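We just call them A, B, C and D in the order they show up, numbering each chain from 1.
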Amino acid sequence: MNIVNAINNAIDIKLNEDPNVLAFGEDVGKEGGVFRVTEGLQQKYGKQRVFDTPLGESGIAGSAVGMAIAGLRPIIEMQFSGFVYPAFNQIVSHAARMRNRTRSRYSTPIVIRMPYGGGINALEHHSESMEALFAHVPGLKVVIPSTPHDAKGLMIAAIESDDTIVFMEPKRIYRAIKQEVPEDKFSIEIGKGKIVQEGTDLTIVTYGALVREVQKAAVMAKKQGISVEIIDLRTIYPIDRDIIRDSVTKTGRVITVTESPRSFSVASEVSQIVIEEAFLNLEAPPKRVTGFDTIVPLPKGEHHYIISPEKIYYEILDTIKY
Amino acid sequence: MFEKYNPINDLMLQVINNDGKVINKEFFPKLDDIQIIKAYKDMLFERTADLMTVSYQRQGRIFTYPPNYGQEAIHIASGMVIKNEDWLVPAFRELGAYLAKGATLKEIFLYFMGYEDGTVFKDANHILPISVPIASQLIHGTGLAYAAKYLNKKEVVFAYVGDGGTSEGDFHEALNFAAVWKVPVVFVVQNNQYAISTSKEDQTVSVNFAIKSVAYGMKGIKVDGNDLFAMYAALNEAHDYCSKGNGPVLIEALTYRKGAHTTSDDPTKYRDKAEEEKWEQKDPLKRLKSYLIDNKLFSEDQEKNIIDDYKKEIDRIFSEAENYEPYSLNEVFKHHYADMPQDLKNQQREHENFLKWKES
Amino acid sequence: MFEKYNPINDLMLQVINNDGKVINKEFFPKLDDIQIIKAYKDMLFERTADLMTVSYQRQGRIFTYPPNYGQEAIHIASGMVIKNEDWLVPAFRELGAYLAKGATLKEIFLYFMGYEDGTVFKDANHILPISVPIASQLIHGTGLAYAAKYLNKKEVVFAYVGDGGTSEGDFHEALNFAAVWKVPVVFVVQNNQYAISTSKEDQTVSVNFAIKSVAYGMKGIKVDGNDLFAMYAALNEAHDYCSKGNGPVLIEALTYRKGAHTTSDDPTKYRDKAEEEKWEQKDPLKRLKSYLIDNKLFSEDQEKNIIDDYKKEIDRIFSEAENYEPYSLNEVFKHHYADMPQDLKNQQREHENFLKWKES
Amino acid sequence: MNIVNAINNAIDIKLNEDPNVLAFGEDVGKEGGVFRVTEGLQQKYGKQRVFDTPLGESGIAGSAVGMAIAGLRPIIEMQFSGFVYPAFNQIVSHAARMRNRTRSRYSTPIVIRMPYGGGINALEHHSESMEALFAHVPGLKVVIPSTPHDAKGLMIAAIESDDTIVFMEPKRIYRAIKQEVPEDKFSIEIGKGKIVQEGTDLTIVTYGALVREVQKAAVMAKKQGISVEIIDLRTIYPIDRDIIRDSVTKTGRVITVTESPRSFSVASEVSQIVIEEAFLNLEAPPKRVTGFDTIVPLPKGEHHYIISPEKIYYEILDTIKY
C-alpha cells in the first residue's frame, strides 16, 4: 500500500463500520478526489455518504460543523492546503470552538483532510506547508503522517476522535512509499511521535515528506561516524514533548527539519520545547532547517527552496562541530 | 403563498395593518384566541426582559448587550412554529425564540455576564449557541439540515441572520449548499434596516432581501416582520414546505431595530428621529395589542399587571444569575478537547502553582 | 438588450445558430468583414496554440496545463471589446483574452514551465496575473473598478470566473460590493458545464447563472458563449453600460470545456461521449467558419495554410521559452517586499554558503 | 493623545497629504468605527475616501488589493481581529503574494488595521491575539504599537510602506495611556524594537498591551534588586534580531511575554532567535509567559487567562533563580 491507498483504506473501513461517517468535498465523490484518495468510495457507499460539493470551502467546513453537531462524523477534503483559507473562519471560529462554547454539549468530530507540501512541480498555491497556522489555534489537533502504515493508523484514530483533526497529507510522497500495511483496522494514538531511527550524537525532529530526506542525510552522516536519531512527530499539536525530551537528553544536539517558512514555524516550537525540557543537556543550540520565509517558488525555482539531504547533512556537520 | 408573494415583484406578506386591522384574510393563520393572547404576552415578556436587561447593563451589572426590541413578532412567531425536534440556529438577536425553544432567561443573563454556561441552553432541545461571527452560523444550519435528511429525521432547521449578514460570503455558501442538497432549512433574514451604523442601502442595492433566494433557485418571501400573523403564516408555510422535502426557504422579515445595536452603540450618530418615529407606528406589540383590544381579547389594565409580574419575575431571575457560581480555572481548560492534551494539563497545573505562590 | 434578455425569463442571447446562420439580426454587432475574419483567425490561433500546449505537456516539456478549447469565442470577443485602458482580471482559462490584451504566448509557456515571470505579462497594459484561488480575483476587479471611478478614469474592468467559481463566497462579495459601489466592472462567468468533475447541476440549482445578478440588483444576461457575435454584442453592451456609470454587469457565457480540466484530469471518469458530441455541434470555431464560408469570406484551403504557419510560429515561440534563462536563487527572494527584511537576506546568504560548500 | 487619537491623527495626516489614501471598512465612515479610530475623517475627506462597506471582510480586503494595484493606498479595518478570518484568503493568497507573483510589477501597499487582544470584558471572538498567524505568512509585515507615540509613527510608516502591513491595535490600552505626541508628521521604522527600560539581570521581550504589565512587574523585581531590561518589539515580523541579541548577550536571561496562546507563538520564535544569537551567553533557558493554549474565556473567566504583573514577576524570580 502507498499513502493514498492507506488513507482510502482507512476511510473505507470507517465508512463500512459506522453509518455516521461521511466523506465529501470538491470532486471527492464521482472521481474520488484529484489525488484519488477517495476513489471507489462513492460507488461503494452511495451519493449520500460520499459526495461532491459545490465549490466553496467555507460551505464544506461549515456544513461539516452542523453535521457533526447532529451526530455525524464528516471527513472533509480541502483540495489542496493552499485552498483552505476560505474555510479558515469556519475552522478557527467554529470547528475549533464549538465544544468549548457549549461546555462540551456539542463536539465536532471532523477530519479536515488536505494534501500539503512542495516538490510536485505544481502551480502556485499547490505547494505550501502551513501546519503552524493550525497548530497555533486552540481547539484543533494537527496530524501529519509520513508512511502508509502511519497514514492508515492515524486516519482511523482521527475519524474516531471526538475532536476536530486537521489531517495534512504529504502529497509529495502520496505514492512514493510502498509498505505492507495490515488490512484490518488499527489505530495510532494522536499526539505520539515515533523514533524512526535510533542514534546517539544528534536528534533530528521532522515529519511528513521530509522524514525520508532526513533518513538520507543520516546515511551520509553515518559515513562520517555521526549517529543520528530521527523523530517523526506525526502529530504537530499536541506535540510529543516526551519523545523530544528523552532523545535530546541523550544526544545533546537537535535539529528540526520542516519545509515550511522558517519564522514562527514548528521548528521554533520544537526548539522552545527542547530548551524547556533539556536545557542543561544541550551541547549546541537547537537548530532549524526549514524553507525560506518566502512563498514556495514555481517549479523552475523550487529546487532552491526544497530541502535536500545534502542541506540537512551540511547542517548536521555544523551542529556536531559546535 | 410563495408563488403569490414572489419576491421578484417586491410584494410583502402582511396580515394586519398598523392599526391591528386584518387586511389579508386569506393568510390569516389558524390560531385560536388563546394562542394569540399567549403570543402577545410572550412578546410583552420579551420586551420587558429586554428593556430590563438594557437597564441592568446601564447599571454595570452585565456587559455589552444587543437589544431585541422592535423585532419581537419575528421571535415569538418563530417560537410558535419551531417544534421540539426542529433546530434553532441563532445569530444573537432572537431572544424570544431562544426562550420559546427552552433556553432560560437566566442563561441569557449568564451569557451576557460573561459565562459560557449561558450559551449552552442545556435544557433546550436542538438549539445552537449564540453565534457572533456574522452569517457563519447559516452554514451550520445547512449541515444540520443535511444530517436531518440523511438520518431521515422529521426536523426542520431555522437559521437566523441580519440584513448586514446577507453580505457575507457565508450567506451565499449556506444558501447555495442548502438548495443544491435540497435540505429542510429556513433561513430568516431579520432585516432591521441597520448593521450597526450601516444602513440597508449601503449593504445591498437588490430590490429586497428575499429576492436573493432567486440566485439559489430556492423559494423566498418578504414578510412584514412586525406583523405576528404574517410572520407566523410565513414561517409555518416554510416549515410545511421543508417538511415535505421541497428544500430550503428564505424569509425576509422586514423590521426595525428600535434600540441601539448594542449597549455600546449610539444610534443618534447615524439615524434620525423622524425615521424612528415612522417605525414607531409599526411597532409589533402595538399592532397586535390593537388587534386584541379590537377583538376584546385584552385590556390595557391587564397589561399593566402582567408587566408588573414580569418585572418581578425577571428581577428574581436576574439576582439568581448574579449569584451564579464563580468561574473556576478548570472551566477555562476543560472543554476544548474530548481528549485533553498533556500541554493543557501542564499549563493549568503551572498556573495553579503560581496561584499558590501568590497566596503565600 | 439587458431588458430583453432578462435572466429571470431564462432567455439566451444568440446571434448565429449552430450552422452559422444569422438568426438574430437585431443584435448582430457592428463588425466589418475584416474584423470578423480576424476574429476567426484569432480563435484559430488560440485553438492551435492550446492544442499544441497540451501536446507539449504530454511530451513532458511543460507542467500541468488547463486547456481552453471550446471556449475561444468568449476569449476572442473579450479581446475585441477590452480596450487598452480597461483592466483584464483573469482566472486561468482565458488564453485568447490574455494574448489580445498584450500578453505573449512565450509568457504563457513560461508560466506553465514554472516561472513567475510568465504571469507578469509585462508589455500588456492593465492586466492582472493568472489567479488560481477560485473566484478570489473577482474582488480585485471590484477594487480596480472602485479606483477607476474614484480616479475619474475611463476604465472598465473585465473579471472572469468559471461556473464552479460562482459558488464561492468571494463571488457573492465581489458582486455585492460592485453593485453597492456602482462601479464599472463586467463579471464574466464562463459556464463550461464543469468544475473539474463537478457538473453544473451539482454546483447550483438556480435557473441559470446570469440570474444571480438579481440578488445584487445588477444587470445580468445569459449569452451563447460559443457564438462570437453574441459574445461580442453582450460584452460591448456591458462595456457601454459600465462606461456610462451605470454600475456592474454579470454575463453568463454558456459554453463547454471540450478538453480535460487540466492535463492531469481524465474527463471520461465523469462525462460521456454523447454529451461531448452534442456540444461538438456547437463548437465556436465551426460555427463562425460556417458563417464565413457562407458569406464567402474564408475557405477551407486558407485554413490549412494558416494553421501550418501558426504551428511553425508556436513551435518557434515554444523553443524560445524552453531556452529561457535559469531561475536564480535571487529570484526566490527578491520580490516579496518593497523593503526586504534582513531575515530574508540572511536566509539567502546562508543558502549561498551551503551551495558553495556543496560545490567544494 | 491616547492611542485612538494617535492613529486617527496619523490617518488624518496621510489622508490630507495624499489623495491616494483611502480608509474603509465596516462602520468606519459615518460613525468612525466602533472604537472611533476613524472618527471625523469621513466628514473631513468625504464619502469617496472614508466609507462604510457592506459586511464582508473578504470583500474589504480583496477590494483593497484591487485598489492598491491601481495605485491607491487603502487603509482597511477589520472590526475586531477575531473577524479577520473571512478575509484570510485575500490576505494570505493575494495581499501577501501579489508583488511576488508579478515580480514586483504590482505591489499592495495596504494597511490592515485591527483591534486585538483581551482584557475588555468582551463577547466571544473579541479578545484574541493571533499575531503569530500573520507573522508566519511570507509577504506580510506585522506591526503592534504599545504607546500613542509609537502608534502614530508606526501608522505613518505603515501607510507609506509599499508592503502590506497587518497593523494590530492593542484595544485594551486604546484610551489607557495619554502621551504628548508631536502634532507634525513623523514615522518610526518598521522592523525596529525599542528598549523601554534598560537593565542588566534579565531581558523581557514583549509588545502591545503587555508592555505596561511588564513594567509593573519590573518595578516589583527592582524591589528585590533585580534589574530588568524591557524590549518592546513593535514589529512582530520582521522581528528585530539585533535588539534581542544585544540585550540577551548582556543579561544572559530572557522571558518573552505575550497574551496569545503559548504553542507556536511569538514567544517560541523569540526563544529560537535567542538561542541562535546568544546561546553561549545564556544563564537560564529562555522562557515564555503567555496565554494558555485555550480560547480566551468570556469575561467572568478572563482573569484566569490575563497575564498579571504578579505572574510575570513570579516567572522573573524563577528565571533569576535558575
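Keep in mind that, in the parts below, a contact is a pair of C-beta atoms (placed from the backbone, for glycine too) under 8 Å apart; a residue touches a chain by one contact, two chains touch by 3 or more.
These figures come from a predicted structure and were not determined experimentally.
Using CA-based centroids throughout, the chain positioned farthest away from chain A is B. Distance between chain centres (mean CA atoms), chain A to chain D: 30 Å. Taking each chain's centre as the mean of its C-alpha atoms, chain A lies 40 Å from chain B. The centroid of the Cα atoms in chain B and the matching centroid in chain D are 36 Å apart. Averaging C-alpha coordinates per chain places the centre of chain B 44 Å away from that of chain C. Across the assembly, chain A contributes 53-54, 56, 58-59, 82, 85-86, 89, 93, 100-101, 124-125, 138-139, 237, 239, 263, 292-295 as residues in contact with two or more other chains.
Across the assembly, chain C contributes residues 116, 133, 167-170, 172-173, 176, 180, 202-204, 331, 336, 341, 343-344 that each touch 2 or more other chains.
Taken pairwise by the contact criterion, the protein chains are fully connected, each one touching every other.
Within the complex formed with chain D, the residues of chain A that make contact are 58, 82, 85-86, 88-89, 92-93, 96-97, 100-101, 124-125, 130, 132-133, 135-139, 237, 239, 260-261, 263-269, 271-272, 275-276, 279, 284-288, 292-295. Every residue of chain B that touches chain C in the complex is listed here, in rising order: 8, 167-173, 176, 179-180, 182, 202-207, 211-212, 214-218. Across the complex, chain B is touched by residues 22, 48-49, 53-54, 56, 58-59, 61-72, 86, 89-90, 93-94, 98-107, 109, 138-139, 141, 161-163, 190-191, 237-239, 241 of chain A. Residues 63-64, 111, 113-116, 132-135, 164-165, 167-170, 195-198, 202-204, 264-266, 269-270, 326-327, 329, 331-333, 336, 341, 343-344, 347-348, 351, 354, 357-358 of chain C are the ones that touch chain A when the two sit in their complex.
Within the complex formed with chain C, the chain A residues making contact are 26-27, 30-31, 34, 52-59, 82-83, 85-86, 121-126, 262-263, 292-295, 297-302, 304-305, 310-311, 314.
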